[in-house]
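For reference, the structures are reproduced in the following blocks.
Shared between the two complexes below is subunit A, which has subunit B as its partner in the first and subunit C in the second.
Then we have the complex of A and B:
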């Protein structure tokens, strides 16, 4: 359907206006100007910030530069989470641009994984794609693909090539005609307020009676606290790619149209803004 | 500790365990790939919140591998979970017959 394909493009081309500023305690030879960049929601921080690194390294001494890392209001930003997820989770109800602080010292070992090269990002991305397919198709589709197809997924993401990416990814979104959807839906639910990193469980897109399970059904099952009670006040927003999908939306549709390139639905539960 | 050996079969002498905290634990079965050394004890009971990195460090110590040596962990012989992934979540999604089977290898086995 034309409309549904448009959703794929809207998701792919989503951008977040961001202002990068150097941490005040970094040693510089002259004042560091902020650096402005439109970040792709579907990508990863360390994949799209080479220019940011170059910009700030120009005002620093070589010996003061170790691995770059990013922080928002005191929270280290995990580069291995998609950018759109980080924004929705931490800053979606604040004024734009998103103000990110850049660090080159005191890497927070307990909070962040190291990212020594692009290969590490590729390995992480492909591992997520494989995990998603293990849930959707018992890994049958991803395993049937050749190495060059896997590479094409990564190159499509790295080079922001929608058609190149979806030529392969569409196969990961198919399912046998006799079924109504995937075996299980790859999803992760994040909340800043809880200790655990995210909720991920087995969840079928179709109920025992043949009805399509909805986003509301998913939340009821794995995160009931996120649902507003019948006559209660709405305390949370359930956000994917910066919007709140209707709770009646079938999760199969969400999985096919609003997953990130890693084939996971990354869902943020955030406090309802009070204004 | 990171992991405890799985309980001994019935009939054998009871081993005194240190006081457990209230976190639930899951059973993990570790399988060696290729010419990676095989662990004498393959079955372990691990806290749900233990990360893959924590498990890697534990296996390396147990096998007396050097810290700089790499160790890869695979689920379903198909994907390598992120180092910060919790074993409890992996067990929920990929466990079978009451345990999570993990393959470990000194080199990349399944990409």
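Then we have the complex of A and C:
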């Protein structure tokens, strides 16, 4: 029987084959070749694309290179969303590789946050980790940790070191023996159809009667339109890390095993593909 | 002594476990009371709802010259919508009649939103500023408009960080005062009100602390409103 811990490794090492192409209106001194890269699902675009930037800078003039930003089929890609979430939300039912367009001009100020340095990514990542712990443990676990433990979480993510990361993260996945789970589950539900970037609400992993709440229970409460009615046709896919977990899965288990490194469950609701 | 006053919807929840936390419905009640007073004095705050959701937030927009003065054409702006104000500005600039405005590049539009964080159970202040041509101000440019004494306080205060974040309801970049230390600076305020058995409006107290740091000031009459309520109750 597969150990639950194998799921942690499968999530950590998930990759998306991606083809980066320079936007045709960027000014180049010679033609830019596309750049291929396997992107880690659990990381962030601006953290893992230094090589992409260097590759395209080689064919451009120094003065034309300002802040890099990415776009997929006309939609600016939010670097502060994990890569796996962006792919599931925008491109999971299209053929691989994922074709991303690279820009250096006309930064879309109204759509994207600026990312001037790796420190900004670290600050964003740690803010998410802290918010998740506020929900799970009233911030007690994260506040008890030393600064060097926080740093270890970040370095583990940045350097793709599973063991280094989980040595600290396992503490964020514990709960008092007298409880059946976390205080609230850190989750966010995303749909492309709304202006609102995500839905996030307080949701307990255990019901009043002591039963474990499931993914289906969560959706029913927070996003009922996503659930297929009994006699109806399936209109949506509920996706995490590229798969559709069974709606009977307890959210406590999902939170412990399928959260992103920021300790949030990022769930995409996307249209059911018509084959 | 039991501090929970069930019959008074404006009282704070004194549940021992949650100490000074602000529950979401109380947040909405405090905002409603705050906005009611704002309407009475023409301070420009309004409640914005999100389509198809029960969520909403408090919003205020004001215009300021780069040098800190409010141009005369904007004196009545709190009583009109943003579009009406902008139309008047554009017409005036076309006519080149208004002596009080130098150039579009000098007028800054500030926007402040008060949202509720269910994760931290506190209000959160989101803000952004742009010139009339749409160009957004950077955090440094916003800082220039903040009074010196607050700039020093910001560097040492418990607000910790102001960062650019995505607005959770609108999906656009805003600057945010991080909420994780709010309980820290609100605790003494709430403890005092508890000791003196006085009702306070959490939003008024909170906004009067964090607002000035980012260029948002509250007229003193907000405080008078709350003390009037207390006097009536005595």
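Rule of thumb we're sticking to: the second predicted complex is superposed on the first by the 273 of 275 C-alpha atoms of A that agree within 3 Å, B and C clash if a C-alpha of one lies under 4 Å from a C-alpha of the other, contacts with A are read in each partner's own complex, and residues count from 1 in each chain.
Methods note: contacts are C-beta pairs under 8 Å (C-beta built on N, C-alpha and C of every residue); 3 or more make two chains touch, one makes a residue touch a chain.
In this text the structure is predicted, and so the values were computed from the model without any measurement.
Following the overlay on subunit A, a clash is recorded for the pair subunit B and subunit C.
Once chain A of one complex is fitted onto chain A of the other, the partner contacts of A:27 are absent, as it touches neither subunit B nor subunit C.
After overlaying the two complexes on the shared chain, residue contacts for A:192 are found with neither subunit B nor subunit C.
Using the contact criterion defined above for the overlaid structures, shared-chain residue A:96 touches neither subunit B nor subunit C, since it reaches no partner.
In the superposition on chain A, A:109 contacts subunit C only, with no contact to subunit B. Once the two complexes are overlaid on the shared chain, A:135 sits against subunit B and subunit C alike. Superposing the two complexes on chain A places one of the subunit C stretches 44-52, 80-88, 98-106 or 188-196 into subunit B: stretch 44-52. Residue overlap on subunit A between its contacts with subunit B in one complex and with subunit C in the other: 80, 113, 123-124, 127, 130-131, 134-135, 139, 196-198, 200-202.
Listed in rising order, the residues of subunit A touching subunit B in the complex are 80, 113, 123-124, 126-128, 130-131, 134-135, 139, 142-143, 150, 184, 196-198, 200-202.
Those residues of subunit A lying in contact with subunit C across their complex are 78, 80, 109-114, 120, 123-124, 127, 130-131, 134-135, 139, 186, 195-198, 200-202. By the touch rule above, subunit C contacts subunit A in their complex via residues 50, 53, 118-120, 135-136, 161, 163-173, 178, 180.
Of all the residues in subunit B, the ones that touch subunit A in their complex are 49, 75-76, 78-84, 86, 89, 92-94, 111.
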